[in-house]
Each structure stands twice: as C-alpha cells, then as structure tokens.
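Data block below; observations after.
The first chain written gets the first letter, and so on, giving A, B, C and D; residue counts start at 1 in each chain.
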Amino acid sequence: MIVVLKPNLDPAEVEKVIAEVAKLGYEPRPIHGKVQTVIAAIGDESTHHTLETLASWPQVEHVHRVQKRYKLVSREAKKGHDSILHIHGQKIGAGQKFCFMAGPCSVESEEQLMTTAQAVKAGGATFLRGGAYKPRTSPYEFQGLAKEGLRILSLAAKEYDLGIITEVLSERDVELVAAHADILQIGARNAQNFALITEAARSGKPILLKRGLSMKIEEWLLAAEYILAHGNPNVMLCERGIRTFETYTRNTLDLGAVAAIKHESHLPIIIDPSQGCGRADLVLELCKAAAALNADGLLIEVHPNPAEAWSDGQQQVDFDLYARLVEELKPFVSAVGRPLE
Amino acid sequence: MIVVLKPNLDPAEVEKVIAEVAKLGYEPRPIHGKVQTVIAAIGDESTHHTLETLASWPQVEHVHRVQKRYKLVSREAKKGHDSILHIHGQKIGAGQKFCFMAGPCSVESEEQLMTTAQAVKAGGATFLRGGAYKPRTSPYEFQGLAKEGLRILSLAAKEYDLGIITEVLSERDVELVAAHADILQIGARNAQNFALITEAARSGKPILLKRGLSMKIEEWLLAAEYILAHGNPNVMLCERGIRTFETYTRNTLDLGAVAAIKHESHLPIIIDPSQGCGRADLVLELCKAAAALNADGLLIEVHPNPAEAWSDGQQQVDFDLYARLVEELKPFVSAVGRPLE
Amino acid sequence: MIVVLKPNLDPAEVEKVIAEVAKLGYEPRPIHGKVQTVIAAIGDESTHHTLETLASWPQVEHVHRVQKRYKLVSREAKKGHDSILHIHGQKIGAGQKFCFMAGPCSVESEEQLMTTAQAVKAGGATFLRGGAYKPRTSPYEFQGLAKEGLRILSLAAKEYDLGIITEVLSERDVELVAAHADILQIGARNAQNFALITEAARSGKPILLKRGLSMKIEEWLLAAEYILAHGNPNVMLCERGIRTFETYTRNTLDLGAVAAIKHESHLPIIIDPSQGCGRADLVLELCKAAAALNADGLLIEVHPNPAEAWSDGQQQVDFDLYARLVEELKPFVSAVGRPLE
Amino acid sequence: MIVVLKPNLDPAEVEKVIAEVAKLGYEPRPIHGKVQTVIAAIGDESTHHTLETLASWPQVEHVHRVQKRYKLVSREAKKGHDSILHIHGQKIGAGQKFCFMAGPCSVESEEQLMTTAQAVKAGGATFLRGGAYKPRTSPYEFQGLAKEGLRILSLAAKEYDLGIITEVLSERDVELVAAHADILQIGARNAQNFALITEAARSGKPILLKRGLSMKIEEWLLAAEYILAHGNPNVMLCERGIRTFETYTRNTLDLGAVAAIKHESHLPIIIDPSQGCGRADLVLELCKAAAALNADGLLIEVHPNPAEAWSDGQQQVDFDLYARLVEELKPFVSAVGRPLE
C-alpha cells in the first residue's frame, strides 16, 4: 500500500506512522519528497490488515491500494484465456455463438409463456427467460407466480427445447429454483446480497450476476469473486444499466462495461437492454451496440402484448420487434467474427 | 393516471389508446389540448393494472401516476401523528430524547466491545451497535464473528444496560439475531432484498432500514412499506449516504432526506454519519446538522483504536472524539426542543 | 399542464388552485378522481407562464408539463427528415459517410500537429481536431497556445486538406476562432454557457455542442435550441460521457444517447470516445459501438506520443492504434449501411 | 507521483517506465513489492509534466498524484487562518455574523423588488439578491431584465441600505455588473467557464462561486484557485446542491461540503438552500442544518408571490416563511457561537 502523509509534518509524526505500518505487518519504505513523505508499505495486501484505516490519522492524507482486490475472476487467473460456459448444450463466451436469452419479464400464464417460447425459439433464442419470483419496488405489485411459474417455465422450455434462466430472490428458494433452471439469475437489487450469492454458488448451477444499480466495476467483479471463491466457476456477468441523473431512460446502459470486463476478467458478459433503458423503442439500437462491443449475448424481455404485461410492460418488445431485432443484428454479430449458427 | 399522447395524432389512434385505458379498467377522460391530447384515467391506481405499460405504444409520450405508491408509511396513514417506537425502555421518534446508537463497525473481541460499551454508555448512548455479520465487498475481508459476535454483544449490552442493534444478512439468521438484538438492522446493500426484509418483519422485532446506495426516497419508503404490510409497525429509517460522483467523501450524506422523510412519513429517522461520509474527521460536523434537522438519533461508529479496526477504520471515531461529539451536540439538540436527559 | 392536487382536499382549497390556474391564463379542467383531484390546464405551455410554480402551494402535490420544451431541434420540426450538414466539402448526418474528426487534445507545436495531421488524413479523417484554447481544471495546467495554435491548425489543415474543428472558450475569441475553424466546438464545461453559445451561433459557423457532464438529454437539446433559435441551423451534438459514480472510466459514455437523440431530433450526433472513457485502451471498442448505433461520426484524440502529451495523454491513441481502429471499424460502418468512401 | 505497474512485468519493461519517468524530469525510486513494482517519482508535481499520461502505457496500472492541486485556496496557504471578507460594511467568514443574502430569483419589476428588499431587510438580510441576467435552460424562458434589472437592484439596495449580489453571465457584462453589484455571482452552469471567472476576478469585486452541478470538491476549489491566481482574494464558495439520481428534490444539497471546505480551505462558504432542494417546503429545515454546520451564510430566494414568479417559483419562499425562518434559525446560529447582531 501507499500511505501519503500530509505536507510539512514533524519528523516525529512521520515516525509514528512508519511504526504503525510496521506494526500492521508491512515493511515500511519512506520516500521523502520535496513537499511531503510517502510511505511505500511492502507486504501482500490480500493477507495483511488494510492500511486504509490509517486515513483516520491526522498525519495521513491518503492511502492507496496497489494490488487488485479480485483474483479468481481476473484475466491473469486464467492467463489471458476466456471462460467458456457449457450450458444446456450451448457454449457461452468469447468467440462463441452470440447467445439470445429471451422471454417475458414475468411468467403470467401457460398460454403467455408457451406463445412467447415459440416466438423466441423461432428467433434463435437458446434460453427462455421469465420471472417466477419478482422483486418489486412496492409490496402491492405482482410478486410472481412462484412455484407455479417454475412449473410453467419447465413445461415451455421442454416443449421448445430451450434452457431456462430465471431469478432467485430467497436463499430458501435456491434449491427449488435450481431444480428447474439451467441458469440462476441474481438480480441487480441482490448484487451484494452475499448470503443469496453464496447459497446460489453452492448449488453448482451456472449463475448470471447482474450489476447492481450503483455498483462499480470493481465491486461487481468482487461479487463474482464470491461465487468462484465458493467453488463455482460458472459465472456470467450481466450489465443492465446503472442509475444516473438521466431520466429519459430508466437507467443508463454502461456499454463501456463490456470492454472493461473483457479487460479485467475472463468471464462472459451479457447485456440486458430492456432494463438497461426501460423503453422498448430503444432496445433494438442498444442490441446492435452490444453485439459490436463483442458482448457474449443478450437477456431481452419479450411479451405477446406489452401493454397488458403484469410487470415492466414499457420495456418489453413484442414478437414482431423481437424477430426484426434478431434479423438486424446479424451483420454486427458477423462483424465481430462470431458464428451466426 | 395521466396518459399524455404524442402531438398531432390521428383521431383513430387516440381512440385506440382510450379503448385500451377502458379495457384496463379505468374510466378514460380525454382532454383535447391545443397541441396534444391527454387522457385522465380515473380509477384506483393501487388496485388496477398500471397504465405505465402504455409507454410502449407509439401513440404515447408519457404516463404519469397520480397517487402515491405508499400508504401505511405515509403521514396520512397516521393523520399527521408521528410514530414513537418503544424499545429497551427508550422512546424513539419525534420530540423524544435524541437517541445515540454507538459502537464499533464490527464486533472483534470481548475486550474491544466491553471497553467500547463502557465508553459509549458514558457518552449517553442507549443502544450498542456492532456487526456480528458483516457484508463485505470482497470475500477475502473479515466477515464477522457470527454467533460468537452475538454472544459478546449480549454480554456487553447486559453489563452496561444498553439495547442492541445489529445487522442481519441472511433470512436464515433472522431468528437467531432476533433472539439477541433489540433492533434488527437491514443494511444498505439489502435495502431491496425483500426476502430478508419480509423475514425480519415477521420476527416482530423493531427494524432499522438503511437507505440503499442509490435508492430514491420513494423506493426507500416502499421498502419500509413491505415491513408494515407484513404486520410490523416498528420501523426506523436510516440515511447513511447515497452514492454520487463525489470522491472526497465515501458517500454523500443526503441530510435533506431527514426533512423529506418527516414530510412524507410518520416513521422516525436516524442518521449514520460514519457511513455517510466515510471519514472520521467529518463525523462531528455532520452530527450537528443531523441534530439541527431534527433527526431522531444517530447510528455512529466508535472504536478504541480505529487504525487497527478490522473493518472501516477510517470512518470510526475514537472514545475521545465520541465524548466530545456528544458534548458539542447538546446545544443543537436543545435548539430543536428535545430533552437532553 | 397537469396539476395534481393533494388527496382529500377541502373543495374550497381546490377552488383556489383552479382560480390561480385561470388567472395564469389557462383553461382549467378539474377531474375529480376517487382519491384526489387533477386539474388539466389547457393552454400553450410555450407561451404561457409555467404552472410549475404552483408546486410551492400546500394544496399541490405535483405539476407535470405536457408539451416538449424544444421545437426547432425536434424531429417534428423537420417532419421526420434528418439534417445533413455540408462542411468543408463533406456531408455529415444520417446515411452519409461516417465522419472522422481526429487530432491531438492540444495543439503543442507545428511538428506535433503536422505529423498528426498526416497520420489522421491517411486514416480517413476529414477534419483535424486540436485545442488552441484549453479549459483546464487547474490554473496551473497548460492553457493552450491560443492564436499560435490557430495558426498551426490552419497550416496543417491546409497542407493535408482537412477541415478544422477546435474549441472556443471565450465570447471574445469567437470571431477569431471562426476565422480559422470550419466547426466551432462548445465544450462540456460550457454546454450551458448561453452567452458563449449565442455568440458562437451568431458567427454562422457550424457548431459541435458537447453534452455537459451532468446534462439531461432534454437540457442538451434545449442548449442546441438556443443555437437554432439564434438563426444557425448547423449544429451537431456530441456525446462525450456523463459523470457517474464509476471511477474505472473517467466518464460513463452514454451510448444510448445516440438512439435517444435520433428519436427526438433531426440533428447529427458525434461520439467522443476519448473523453467518454478517458482510457486509450477502451477507445477502439467504444468506437465500434458508436458505429453500430449509427452515430454520424467520431471526435477522437490522436497524438504521436501520448505519454508526453501536454494534456490528457492517458486517453489519446497513437498513430498505430488510430490506423487499426479505422480499419476495424469498417464492417460496422458497412453494417449500418453507410458508404465507406 | 506514484506509478503503479502491472503485476509480473518483465524487468526490461519496468526499465522503460523508469526511463520515461526520468525523462519527464522526476527522480524515479522503484520499490519492488511481492507482486508488482511501484515507482515513486520525486519532483514537484506543480511544476513538472504530469505522469498521469503514463496510464496510456500497457505496463502501467495506475498513476496517483501525491500533492494537492490547489495552493492559494488551501488552509495551508493562510497557515490555518480563515479569510474574512469585508463587503458593504459587513464581515463574512468564520466566526462572523451569519450572513443573509436574500431576494427573488429574478428581478421582475421595481415594485416586486422594493417590497422584497423591505421584507428581507426587516428579516436581517444584509445583501439583496436578484437576477438581472438569468441562465435559463430554454431559450423561450424569461432571460432577465438585464440593465433595467441592474438599475432596479441599485435603487432597492440604496433605499434599504443593502449590499447587492447578482449573477453575471457574460464576460462582456462583467464591467457593467461590477459597477452595480457588491458581489459578483458565478452560477453553477458557469462554474468551469474559466473565461468568465477570470474576467470577473480581474474586476476586483468579491466573487461568490457556486459549485457546478457535478463538480467535485477538488474541482470547485481549483475553479476558486483561478480567481486567487488572478489576484483577487475575495472569494466565497456557495454550495447549491449537486445532481444525483434523486428526483424528490431538484438537487441533492451536499451539506457535508461545508465541513469539507472548512477542512481544505480558508474561504467562506455560503449555502443556497433554494436551488439546493428546489422546494420551498424544505428550505427552512435545510437552513437550520447550514447554520449548525457553521456555514458563513445563506443565499436564499424570497418572493412576494412565488406562484407568479417569473422563474423558479416552486423554490422561493414568501415573506412570512422568510421571517419565520430567520427567527427559527437563531438558536442554531447561537449554538455555533456566532453573534446574532
């Protein structure tokens, strides 16, 4: 770590900080600059007490970490190779087929899901999405069909040979949801719910980890690190928009996160344009950008009649738009060198 | 609801929207302005399907809700009266004694907590805080002493006759934590973890609900609404800083939220200045503002030796500063008309 | 406008609001819902006093505008047609050749700019960028070569037959800068400096208006509206990243803004990936996304030796990377149907 | 500066960075840690080329500055003493009388301003605020009475023996505005309009510098540094709310900024609660917090009839509320030890 001291400190005060750095197990190397002293503290930051606490001392201006805080998820961990996930007969990750995960925000009925599954299958989707458990801002909003929703998901997925991705909200539901789903989705609101994340990790099922509403890239990777540290390497990250001051869109889709994640990590990254902007009329364009950035796939909300959807209808695309979207995406997917089939 | 249509729409298109509004159970009242038509949709928004889904239609510009989404937590629900919580012999709420909840970020050892409990008791605290379960950004950071932490909390609280407030992270720990604590703390990262919130609500214990890092006032009140809707009226809100672009402080303490919550709700509001700014050197000043804004109390991190704290040392105050803070706060607490003893 | 009243108001109080709405020139149409009254106020919002001021009244919950605040920049103003700008023999806008504006952050010397102009010309750029006047966060940082910088820009542009785009910071420099430049750039920090914007508008020169650091789409369009309202239709918008909580990148490039602007306006939109992320290593990927989103061009920082650049070296690409970038972009530019030459 | 290199670099690569650090004029001191090398670069950062540009190199992970970027505005510059400004017979700054600057958002008419001046004078104000030049988001909104506004300001100020604070928007108006005003206000939108700031500095008049909508504390202090560096020491800072995701309030008033500024700088700090929250109903409470935080004064919008104000009526308080506010503030002002008269 690097401990930057205040300017013009009394040497005795500098010594106190040096002594504390040593006490906390680091080898202190003071460097006396023209204006102020900096203490380089040699020692493995991942096993020692952090020196960031020294910022509470009046002698200290700043403390900077040197090492990255994540390990297993870092590119270095796999020596620059990318993780390819094998799920339901599909490969997800760098260079693989661009993956479409599509379906309604919520599972509402057998009829609704069957027709949607048919439509998205026709549009090249390999995974069916649909919420059986819904995290809703208000307790008075539809909370999902729960077990009945899982039953319907299984039925539709079987009928159309699709994998299932669905959100799990409670530690107690992990086992049940894992029994039906191919991919467990951890939603944005639970992106730092480590009890749930750990429980999901232990299920052994692949996990799609959404970015929290105001989660920094580093924090997101560290949440994924929890999953790998609990023995489950099958993780995808999903950018779904961050919260900013802009109100034209529901969230601001941080498409640059695709490049950032590819830089820092070997994990696949998926884009959710529906949550990302919250407006069906912008979804198609955002999908093109996602493909061009070489994201590994899309998680996209499709509904037979968005105006009557039981949740988030304003951001769901109908079957026609979904079909057009898949078609219009092809040249961009080709341009990044991924196979179309 | 109010459905604002796009300008210069064909009358047939306007009719389609009107028909859908009616189909969804509202009485549509179109108002034809100079430039565009607005449809006022009469019906109880809390029991009908939302019309916000209509924003997915090309004819529609915007949809505005009219009613507030929260009920039980609203000022109207108690006809303008404030909730006073009775916990561990104390009253928390409007006009009551300003409540000090103080103690370390994490419970580290019996000795650490005993000395801290003694110090905060001497400084007028009535509740002892201390994390036994810690939500940490990295899996490699100290995760709390768990059960042993709860045991130590009970010991120290008993010795110094303090109530206990401590965070619960997992639905499965609610029962155990509730057996030790007087107040269950739901942390910022779990502020929309509705499974945990609901479980905590059912325990019947008073709950302190922290504001999420990027939670709007409305969303925060709706998360509290979950607790009341599950039959537990004993809720305090806790502002602990929101995430903004500013990096001088760890978070931006939204002190105006005190006034906003007093406006909208009957629930008590507590300020956490430690998380709020993340710097011990700003805590005292923020406490004065909290008192002046007529917050109902403080949740404040106090540690015998912050530099060696196992978590968040940079924002914990030592015993001397805590004692000074309590003393310096008195004129501000008096100024809002609260009793000092 | 729509004036939403508080629930359960006394009818006499409702009447007061209705009277004020009428006094301010609107025709009030009260709609009495189950819980509260809403007043639809009929009248042209663009010529009447706003009713938003009524939010200061205790009877009023919210006031919503109905009409859009911008006119000349809106898609409707050109009946759905896009503006095509003709500058220095080039056409910029929908369906035209993808426009490369490239060059150093700052003009540093004749040699620096000549070599850069040669390199970007070889890489298909049609405009040379380079700051002669630099808005720097600190007064101790390099503020630009001023007139000498303009002279060098003219020299290099002439030598390589490039148009010039350069920033103007002062109303007093508009005339001088306009005498050298083909496009006046209004920077993010001046995006609501209406004195400068108006002066630039009056010069008659095409203007590239960057989005302010925390500017909403609506505010950005309204700043552009100032230019058109002052008789200058030659405006391009430039998204260059907004300020968010994320620190991995310098700014968060809001690529969705391309789609939003195309939706709302007829003006061309340019992407500045350099400011957008502040990291040379992410620039290439962001450019691909910009092309896929059908942005009309790029404003990109290129320097012969970024490490020794006099400003913002960390985000400037070198000649090799620029050349590669132009090459790798081609399939994406083709995919949106734009001509490559 | 501190240059943190990537882990496990080849020694030859490390040498290249060391050589560049030396070439740029610093004395490089490499420190070889367990995982990666850090180069401490000794040299005065305020006179040397920044090394932050090295972040564009593939060998480099991060670059950290060591020295603070501001000097003249820093507490150290005045050896811990606070600046006290003497304006219109008043002293503004630490320990002085709490300063009320009050008046309408815009000057609308002689009658409006005269009645307001009388009311605020009666309520202890020593400065009259009122905009003659208004920066409006839309070109179709009221832009201020300009010269006529200045004339009315002078008239009212003379009549009631008040100082004048008013905003200047254009470099060209600085001389004229300075001829009427006692304090030149630089607004949030112009907080990094360095041409205007420099021109205002040169006028020699005291300047109130508002914080930009998304300006970090450091950037704000650096903008003030421009003024001092141009020979004008009479600067006040004004916190007026920053832009965040919250929509309940127009802005989020960062009250903690008072403590941060007092920590970092000797300059007085003023709070603008009106812009800070954008709602008249929260203003009083925010003022109490400002006083408790030991801000040096308030800039507050007061209007005889807010509902009919020509700008920002929703955030202006009427005469009754202003009078009540001044009265209710007294105990808080006393509590920080300032004289009431």
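In this text, contacts are C-beta pairs under 8 Å (C-beta built on N, C-alpha and C of every residue); 3 or more make two chains touch, one makes a residue touch a chain.
Not measured: the values here are computed from a predicted model.
Chemist: Which other chains touch subunit C while also touching subunit D?
Modeler: Of all the chains present, those in contact with both subunit C and subunit D are A, B.
Chemist: When contacts are scored as defined above, which chain pair ends up with more C-beta pairs, A-C or B-C?
Modeler: By the number of C-beta pairs in contact, the winner is A-C.
Chemist: So which chain is the furthest away from subunit A, centre to centre on CA atoms?
Modeler: D
Chemist: From the mean C-alpha coordinate of subunit A to that of subunit B, what's the distance rounded to whole Å?
Modeler: 25
Chemist: Taking each chain's centre as the mean position of its Cα atoms, how many Å separate subunit B from subunit C?
Modeler: Comparing mean C-alpha positions, subunit C is 38 Å from subunit B.
Chemist: In angstrom, rounded to a whole number, how far apart do the mean CA points of subunit A and subunit C lie?
Modeler: About 30 Å separates the centre of subunit A from that of subunit C.
Chemist: Multi-chain contacts in subunit B: which residues touch at least two other chains?
Modeler: Expected reply: 214, 243-245, 247, 281.
Chemist: Per the contact definition, I'd like the list of subunit A residues that touch subunit C in the complex.
Modeler: Those in contact with subunit C are residues 214, 216-218, 242, 244-249, 252-256, 258-260, 262-263, 276-277, 281-282, 285-286, 288-289, 291-294, 331-332, 334-336.
Chemist: In their shared complex, at which residues does subunit D touch subunit A?
Modeler: 2, 4, 7-8, 29, 31, 33-36, 38, 40, 42-44, 62, 64, 66-67, 76, 214, 243-245, 247
Chemist: Which residues of subunit D touch subunit C in the complex?
Modeler: Interface residues on subunit D, with respect to subunit C: 20, 24, 46, 49-50, 52-58, 63, 69-70, 135-140, 169-173, 189-190, 192-196, 212-214, 219, 222, 225-226, 229-230, 243, 279-281, 306-310, 312-316.
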